[in-house]
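Shared between the two complexes below is chain A, which has chain B as its partner in the first and chain C in the second.
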Partner chain A sequence: MLHWTFKALFARPVYLLASACGVAFALILVIFIEAVFAGESGRIVAYLEQSKADVWVMQRGVSNMHMATSFISDWKVAKIAKVEGVRKATPILYMNASIEIGGRQWFSFVVGMGGGDGRAGPWRVVKGKRQPGRGEVVIPATLARITGLDLGATITLNTKKLKVVGLSEGTFSMANSVTFVHAADLSDIMSAFGMVSYVLVDAEEGVDGRALAARVRDQVASVNAMPLKDFIASDHGLAMQMGVEIINIMSFIGMGLAIVITGFTVYSQTNRRRRELAVAKALGVRNRAVYGSVLLQAVCVVLLGLAIATALALAAAPLIEALVPLVALTIEFEALLKLGALALCIAAVSSLIPARQVLRVDPATAFHS
Partner chain B sequence: MTVSTQPIIEATHLTKTFGRGHVAVRAVDDVSFSIAQGELVLIMGPSGSGKTTLLSMLGGLLRPTEGGIAVDGVEITQLDEAGLARLRAHKIGFIFQSFNLLEALSVEDNILFPAHLAPGGRAAGRGRADQLITKLGLDHRRRALPDTLSGGEQQRVAIARALINRPLLILADEPTGNLDSEKGQEVLMILHDIARDEGCSVLIVTHDPRVEDIADRVLWLEDGGLRDRKSDRHDWVRDPVCGMRVDQWTATLFAEHGGRRFAFCSQRCLERFEAAPEPFLDLAAASDAGAAAPET
Partner chain C sequence: MIHLVYRQLVHRPLRTLFMLIAVATTIGAVLVIQGFQIGIYWQLPGLVLNRGGDLIVTQAGITNMIAARSTLPQLTRRQVEAIEGVKIAHPLTAISAIYERNRRKTPIFIIVYDTAGGPRNIIAGTAPKGSRDIVIDRSLARIHGLAMGDPILISEYAFRISGITTDNVAFFAPFAFVTYDGMIDFYMESKVVGDITTFPLLSFLIVELMPGADRKKVAAAIEARVPDADVFAPSILAANDRRLGRAMLGPVFNLITTVSFIIGVLVIGLIMFASVNARRRSFGVLKALGFSTLHLSGSVVFEAAIITLLAFPLGVGLAWAVAAVVDSVAPLYVVMFDDPAALFRTALGCAVFALVGSMIPVRVIAHLEPAIVFRR
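What follows is the complex of A and B.
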């Protein structure tokens, strides 16, 4: 049966390829939907990841940066710095803001950095300087490319005009770009005098981040401290939570489409093979073996479709990112594995469509000329 | 030919009714007979007489409304679907009018197809397949796909497939129906040899009068029941294409041309005639003159 199933499947390679491409079309939608959200949620936590701080300290009750507001009195920075195991404590001011660049509003994380050593600033600057001074701003290079701006151009944050002095890489996303300004400018805009938003804590060599975070929470009043890994997970989780319903709906639509396409393919293949199935039954093949043959064909078509979709997605992702800089795509191996498992479910469900047809094939029709 | 008296298949008061109430049709009506081991039996009869329905029931493809069928002593009307499938795979070989080879499989793979349903699987059937391929003259076509074979070759492959699991019984439905006279004769002789050499019972449903020459027994089915065939019911004419004698009484293939009706021995002859009838009209006229007197 296996031999016959595969021979029959590959007997018409063009038909098989067309079927697999139909399935691939549906699956590629699912891959890209997930890739966009993975890319975007990755960009949302990019600043946290690149900060490489061992512990993040924030206002008590706050556990995110994304969509959050945090205020800590600035005198607590010195207190945090004195906690055992802390090598350096770097304060930042932070706000979610809409900035006007090139006549268009862009939602952005705005980081107000001081200190002058560039700590907590952009991690890769492709043009200009890393540390903005008063009245200056470092914006994502992608944003500058999209809006046609360059160094020396002016953008507006609230009502404050800022001069672009640096272009950073890896800081742009559709939902949240990261823009860097001088802490004093942001303090003016936020009217947050004597306040910081977060404190990035670098631990001394060999000090565990989790233990250090616990010590900060114990020794400094009204603050929350989280090791970097937990803070990233919390922000990533929030970002995904915000998009998960959309992902699920879009994935559901994509999978529904895949089921319909695969089901139609298997149904038409079964219909085309109706006479052969009748002959096989007449020769002594049992219903379950015939159904197994149909299921196996569905699995092959879906797996081939998955392979085509994966190959196309991996090949097209860099091209899409280059052509459409707004989109951040991340195709995760885990997502592909999950899709592989879903694809097998698609095959099983779609092979149920012609199941009744298989059972109804009358072996006696083999006698009809 | 060696014919044992032990019945391989025995049908008892077999009846098949399609539909219900006043629209019910008794396609097969109280048919009883048995076939012994190694016997070659022919079932003949006019179109619509229930031959194929009877064959389907004997092969376990259709359940009778009444009556019983015992194959090798096992009452098959009591078997479930799985049991019937097993019976067909192990004890019955089928030969169809339209060959019904699996188009994606080579000659060898088609022959081996039922082998995986038998104990031992394909590996056990390979030696038998080689033997049949050689015996049926298919050595040079072993790797060929069905659509590259002639009608005669396809039917030989179908015969080999039917024999691969050494069945007790071969059921053949119009095995020469799609073959010209020469290939048809060849297939008949193969079936004859199978019954003689393999001790396999062969039941053939056919309109082809040539088969009568090789049959041990002819059963005449008419209106669903077995009847005594009256010799005066022969109505011999000549197939205008191949010149073979055809009994108009049992023939199923006809064509009208120039106000005349022609009977054909096979689908192939009919198709050739329909494609270009003119070349065959002279032969038909000559045959008419030669075959004016009825042959019986």
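What follows is the complex of A and C.
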């Protein structure tokens, strides 16, 4: 029966390929939607990841940067710096804002950095300088490319005109680009005098981030301290939570489509081979074996479809990113594995109707002319 | 040709049904994806337009209500109310917060109001009266299993739900409404606030004009008298919010919609290809009987058109069902699948689906030899 199954499946390779492509197109929609959200949520935490601070300190009750507001008194920075195991404490001011760049409004994380050593600033600058001074700004290079701006151009944050002095790479996100300004400028805009938003803590060598975070929480009043990994997980989790429902619904639609297409494909194949099935049944092959064969065909079509969808998505992703730089696509292996498991469920469900056909095939039809 | 297509469709009803379902699912998917996008854009202006007033005053340089941190000096209200033509200026404060319950986090947008700008579309309970009262959107209530009278802990301060609204969501964040008494108690009692001066006390002013007052003149007078402020007609501020949403979400939704349209064409094409391929012998017979390739190809295009036409209402029905499910399981989103422009666009797309999709199997028919009929 196994031999017959594969023989039937590969008898018309073009037909098999067309069927698999149908499934692939349905699955590619799911892959794309997941890739968009994974890409965007990855970009949302890029600043945190690249900060490489061992511990992040923020206002008590706050455990996110994305969509959050945090204020702590600036005198606490010195107190944090004195906690055992802290090598360096770097404060930043931060707010979500809509910035006018190139005549358009863009939503952005605005980071106010001081110090002068560039800590907490952009991690990769492709043009210009890393540390903005008063009245200056470092913007994502992608935004500069899209809007046609270059160094020396002016952008507007609230009413403040800021001169572009640096272009950073890896800081662009559709929902949350990161823009760097001088802390004093942001303090003026926010009227947040004597305040900082977050403190990036670098630990001394060998000091565990989790233990250090606990010490900061114990020794400094009204702050929350989180090791970097937890803080990233918290922000990534929030971003994914915001998008997970859309992902699930879209995935559900894509899977529904895949079920229908696979069902149609397997149904057509089974239908085409009714006479062969009748012969097989007349020769004593049991219904269970014939159904197993139909199921196997469905599994093969779906897995081939998944492989084609993955290959197409991987090939198209860089092209799309080049054509639409606003969109980041990240195809995660984990997501593909999950989709693979779902694809097998799709195969099982979609072979139900053809199975009904199999059960109804009358062996006597084998002897009809 | 009509008779031939009719015979093809009724000969194997299960196959026809399968084709209808597959095409309807494709159409439904396209409608739902567009519906998500339209729903998000539809939600955005509500934040401004539901606050009322003839003019809205923001911090100078702030051109949005959503995703913006506007702070006005306390004195601004008195300055604005002193201007001729202004009847009253209602204060409004916006606070972004993250509500967390059972490890699930939802960003919320707290609107603090006094005499105007409060909750609209209340479906249960009343507007907040006491300082502990809060009105939340039903999406937040449903996500976290909250009900009227339940306590709701925001930044360690316990409010009590006095009312539930609907359609008060934007940018994936439901709105909550509290009074200024509530805000002051929240600031004072909540242990999270280190320094009250950093938190906004006044974000916007909703200005009501005297009857007959010239809106443009009053707006210009406010901007001249209060240099720290900008003034907008609500429709302009709402349009700015919508524009910001389009700038942020447009590229990704446009990409997904484009992909779904391409997939739609390919799926219908493949369905027609599979359908024609399964009937190669029948087409061979027809060719042997003298039917021309053009005639048979025409019948395939016609069949695709019929299938798509029949599938369209099914697709709309499917989108309606998905929208109902979304409303139940993910109340933050509105799937506006029935937007006339989207329906028209999809119908037009379907015509293209059917036409382009049916071209794929035409090649099979063109290369079909009538001799196939005599092969085993």
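Throughout what follows, the second predicted complex is superposed on the first by the 369 of 369 C-alpha atoms of A that agree within 3 Å, B and C clash if a C-alpha of one lies under 4 Å from a C-alpha of the other, contacts with A are read in each partner's own complex, and residues count from 1 in each chain.
Keep in mind that, in the parts below, a residue touches a chain if its C-beta (ideal position, glycine included) is under 8 Å from a C-beta of that chain, and two chains touch if they have at least 3 such contacts.
What you see is a predicted model, and the numbers here were worked out from it, not measured in a lab.
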Superposed partners chain B and chain C on chain A - clash or fit: fit
Partner chain in contact with A:Phe172 - chain B first, chain C second, else both or neither: neither
First (chain B), second (chain C), both or neither touched by A:Trp123: neither
Which superposed partner A:Tyr198 touches (first chain B, second chain C, both, neither): neither
First (chain B), second (chain C), both or neither touched by A:Tyr47: neither
Which superposed partner A:Ala8 touches (first chain B, second chain C, both, neither): first
First (chain B), second (chain C), both or neither touched by A:Trp56: neither
First (chain B), second (chain C), both or neither touched by A:Tyr94: neither
Contacts of A:Glu245 with chain B and chain C, given as first, second, both or neither: second
Chain touching more of chain A, residue-wise (chain B, chain C): C
Angle, in degrees and to the nearest 10, that opens at chain A between the C-alpha centres of chain B and chain C: 90
Overlay on shared chain A, then closest C-alpha pair between chain B and chain C (Å): 5
Residue ranges of chain A touching chain C (in the complex, touch as defined): 12, 14-15, 18-19, 21-22, 25-26, 28-29, 32-33, 36, 40, 59-64, 67-69, 71-73, 95-98, 100, 104-107, 156-160, 174-175, 190-195, 222, 237-238, 241-242, 245-246, 248-250, 253-254, 256-257, 260-261, 263-265, 267-268, 271-272, 320, 324, 326-327, 353
Residue ranges of chain B in contact with chain A within the complex: 52, 55-56, 59, 61-62, 81-82, 85-90, 94, 96-98, 100, 102-105, 109, 113-114, 116-117, 122, 161, 173-174, 177-178, 267
Complex contacts: residues of chain C adjacent to chain A: 12, 14-15, 18-19, 21-22, 25-26, 28-29, 32-33, 36, 59-64, 67-69, 71, 95-98, 100, 104-107, 155-156, 172-173, 190-195, 197-199, 240, 243-244, 247-249, 251-252, 255-256, 259-260, 263, 266-267, 270-271, 273-275, 277-278, 322, 325-326, 329-330, 332-333
Interface residues, chain A side, partner chain B - complex: 1, 3-4, 7-8, 10-11, 275-276, 279-287, 362-364, 366-369
